[in-house]
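Heads up, the next two complexes both have chain A, just with different partners, chain B and then chain C.
The block that comes next holds the complex of A and B.
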């Protein structure tokens, strides 16, 4: 079977520092407001009185670093009216800027917020898996940047056989929408998608 | 075809000048991103980026900020333009020999260096005139571009005028590098002192353990021998970015249990904490005293909690039978804890009321810490970054000594912070000296101003010079040669008043930070990317040699050039200010760099130097043999000592001392750990602000938890019912990088608050609130999170204050709220701060990455 590129993310190691986000912006010269990779914080729990003290009750928090998941069934490709959005043989989902008319259908359809509109070019943009670096035999910039080594990439089959099949923890949507090429090692606090008790708490994010 | 390529096709091989690069940088990083005139700039740049990327050269670049990380950056440079950056890839990555990967701050460095808000030209305040000129307009006046000659003439003439009229004691130079050489030759200046980030861990800790604030734990590999690691006020994910969190992760994976004592469920805790003990800020000493109480009262022959052998052999001051010579036997730690000396036993119930940790939890935690061997109790600096917090250091050493977790594999108690976070021990590689001798400041001994009193001293004309009455001082000139004192010391409003009082304020800067904003004259300086070379040492395993990445931008000059030009105008001997070339200084540093031999026995030269190297650098020196060539060091810009588990380079702090404290004494008065220290008590008393005491006692700060009450006994809350916790925040390294838009976008400088405290104030996530106390008022949006302990709000330190008409700091600088409470020996206090938070009914704040940058002059 042909190789199909996927990201691996270790939520048990991620501290949400956003080095991946900034590295991606540097590598890809992204303007403000465009973040091909970004980090979501998901947290919850409450505080309860015990005598005259306040006690934390299942307070938790964890972070998820998220880019395009180069999905097996990319809905962005399905909805694109000009075939600008396409999936390469190796699984990488790319935008042909010449064909893109900036209609933003892909933005509205993608449950991960991966395609993002560039106000300057008037086109959609998204994570291209650092295709230029891959072509040179190098790793995607975010993978080499992570200070806690929480990011990696490879063939989805190999990643799953080594690292498991989890691809949907909160606050990500359930996997059966688009079948993301993503393997996650869950944080010990992680809740499966659709069964979360917390919420996204981050001033830079709306609910995904 | 990618977007980039289509642009390339459209525009052909556009050659990009450095100027258009800056325009592009504005487009990427500036608030004006949507304006049409920048559109072309971006397209041009995209084209040039694509064209240049294939042939760009990687140059080792500095990340020179004071976070402790000192990570290597490499800049990809083509045609004098930085295309992108990367970090350490000098060797394959493994947990044993990890790459020293830069964090988001290093990664965003080009948006700081090549930014539209660089100070481009020398400039003076419009209404400035000799002697001041509408001094109240400092911070609000317009700027006028002037020539370097005019700027340097003004510095020299004002220095002369003020010196002649008031004497050198009127010149305050609170920080900053090379201009101090000139001022020293010119008769001297009033200098600054203080603990800065280290709180009491610097001068306070030293008499107790004989070590300074950094080397108090074992080598990183040894963390994996700990069964229990207590992280007390310790969040390396934010406060010691770089490798610290990754090193702790290895201990976690090796099976260590982690307990976090912290008012915030920190990101580090979120991946490591087996247990979280949410304590109130500024109350740690009470919990440690209560833990000691539990250990003392429950220890027995059948329930061994205290390491009596260690206490008896290695410490003084624990009980009346082990007092240092000449000490009052009644002033012993044990009797204070039990209440023998003051009638107040330091029970868990006593502590619980103050620190907010239930008494039963304090007891079980004390028992766990006492029974788990080996264990490491590792503290960040913040727990003793507090008025009178030398008692915290005393308590840490006393409780740590009772557990005996020192000098053994897996055992430690003390500091894990800054560049030594997670990795203690002497440097395995160390830089040589540049060979430039410092010039003695004739006024070095007196007068000196403490950072937590300097603005008060300037405003009131009085300063504390040790025990006794305050002395007179008349500062009329503030010279900010570097540092960020107006931003980074307590009480910004008082600092602004001080800046508006004196006759002349001058700043060297590359961005319009607070020092520059409130000046009369601003001199644009080069960043380290524009200087000949920059050397850094970080954790014990690395050194950095960064090179010049780009030529100086606009009219920026090196600080040393300014120092020389001012010196020339003051009639000084310039060869004393600049005694040797930059090349010679770099050569000396490299030639003197030593690395540990692989058997750990001694240091040897790191660098091999040939006659050809000496000729090429145009320096004088001798060839030498070392481990790598000079060319390798310069091109890689980085050297990290190869490590592996079980190598000979590990370190167990105070191992020999523990084995034989008589033969291997500590550098303390008794040679042992001082649980009682008259030296420290005297240091505190003699500093002149408060009374020292020779053992750990609880002595709350002026704005501690107790200060949130109008009536403590009846538990009636007061005007400022919340504690503000001043945290390190990933957006900045202290104040540096606060203006970088990519970082602003990533980290919005929000006030973190518990849902209960938000609800009771009628505010919700994202709302703008006013946070205020008697020192100042700031506006911020709130981040409502259960990870914050109720009663405590959290704000990142280092934002650049932006005062609105009503005096609200809309940028949210913590020092707009932190009071100036000096205490001995030299402690600067940040964690003692009480505030109120209320809904802001004015215009809501917009995310500050959308704010206008502080661009004084647009590019011509």
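The block that comes next holds the complex of A and C.
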């Protein structure tokens, strides 16, 4: 069977440094507000007063690095009215900028917020798996940049047989919406999607 | 809310109003022709028919303002296999085309009555497909506030409610014009006008009832939802409570209370001035209410996930 490209993310190794996010912005020359890869900090729990002390009550936190998951059932491809959004034979989901009308319907649909609008070009943009680097036999920029080796990529079948089938930890949505080509090694604090008790913390970075 | 989202509000409201107006006009024309002959029926409705085209074209033009790259807009019909947005664009353009052909034929009295009738029925059917496609565009599995049968119900309700009230206002304006030009024909026209407005008043009161059921159900739908997105939508409804209250008050006043007054004034001759003023006011109030309602529709959705 043909290769189906997928990302692997090791949430147990990720330290939340955001090198992947910055490298992606730099490599792809992304404008303000557009982040093809982003790191989300998810945490929860509370502090309970006990005498004159505050005692942690199930306090936890972990980070998730997320790009486009090049889903097996990509809802963006399904809803795009122009077929600008398409899935290549190797599984990579790409936008044909020539066809895009900038209606942002894919943005309404994608539960990962992967397609993002470029205000300057008036078109949607998204992670293209560094297709130029892949074509040269090189790794995607984010994978090479990660200082703790938390990111990798490969064929979804091989990744799943080696590293398991987890693809939905909070704050990601449940996998049955779009069947993401994503394999995650959960952090020891990780909560499964739909069963989360925490929230995304780094909301102020949404403007970056 | 930015200009691109206002463009969607303008497009959906104007397109739905056009479809509703076209259908309402067709029904009125049919009954008026049976009662008073096709000549009087044409005199009642032909000018109103010509008002629908520009309304629809304005809506379609507004939809282009939503696009980041409107020059490629013609490509939007490329994914009929899986995108309801393609169907929305196709049916919108087809409705404009078939409706436009009919309006031209009706205005110049081309071809026979029967042939024109067939074209009108086709245009009305395409219009209904347009509203159905529009509803389905929003029924995404990742949008719990929209992914409910309440979306098509509320869209069709808006379609017909704005349709009857827009045509009510158009008929009143037409009557004033007909009287001015040709005072002699006013008697039959006056009877037809009062007949139409009585039915419009009853219809709008019934549709008000539907809206007063659907809006609370939309809120209950997200409030009962288990996803974070549904909860976020419920919260957004809470934050927009004042706007929601104003929207409901306006539609209640316009379609309900003014509807009753229009009905009363339409019962006997001699109250056309008051009835006309009420019909204009009812249309204006309900139009504002429906625009606010559509604003809330876009302001209260939340996507599952990130």
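As a convention for this text, the second predicted complex is superposed on the first by the 203 of 208 C-alpha atoms of A that agree within 3 Å, B and C clash if a C-alpha of one lies under 4 Å from a C-alpha of the other, contacts with A are read in each partner's own complex, and residues count from 1 in each chain.
Here is the rule we use: a residue touches a chain if its C-beta (ideal position, glycine included) is under 8 Å from a C-beta of that chain, and two chains touch if they have at least 3 such contacts.
What you see is a predicted model, and the numbers here were worked out from it, not measured in a lab.
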| item | value |
| --- | --- |
| Superposed partners chain B and chain C on chain A - clash or fit | fit |
| Chain B versus chain C as contact partner of A:121, first or second or both or neither | both |
| First (chain B), second (chain C), both or neither touched by A:19 | first |
| Partner chain in contact with A:164 - chain B first, chain C second, else both or neither | neither |
| Partner chain in contact with A:103 - chain B first, chain C second, else both or neither | second |
| When both partners are placed on the shared chain, which of chain B and chain C touches more of chain A | B |
| First, second, both or neither for A:113, with chain B first and chain C second | second |
| Minimum distance between Cα atoms of chain B and chain C in the superposition (Å) | 13 |
| Common interface positions of chain A, toward chain B and toward chain C | 98, 100, 118-119, 121, 123 |
| Residues of chain A defined as touching chain B within the complex | 12-19, 21-23, 25-27, 29-33, 35, 43-47, 50-56, 59-63, 94-98, 100, 118-121, 123, 125, 128, 131-132, 141, 144-149, 187, 189, 201-204 |
| Touching residues on chain B, where the partner in the complex is chain A | 1-3, 5-7, 27-31, 33-34, 38-39, 42, 45-46, 49, 53, 84-87, 89, 93, 101-104, 107-108, 110, 237-238, 241-243, 245-246, 249, 265, 267-268, 270-271, 276, 278, 352-353, 356-358, 730, 741-743, 745-748, 750, 754-756, 765-766, 781, 783-787, 789-791, 847, 849-850 |
| Touch list for chain C against partner chain A, complex | 4, 66-70, 72-73, 75-79, 82-86, 89, 137, 140-143, 227-228, 303-306 |
| Sites on chain A touched by chain C in the complex | 40, 66, 75, 77-84, 98-105, 108-113, 117-119, 121-124, 171-173, 177, 194, 196, 200 |
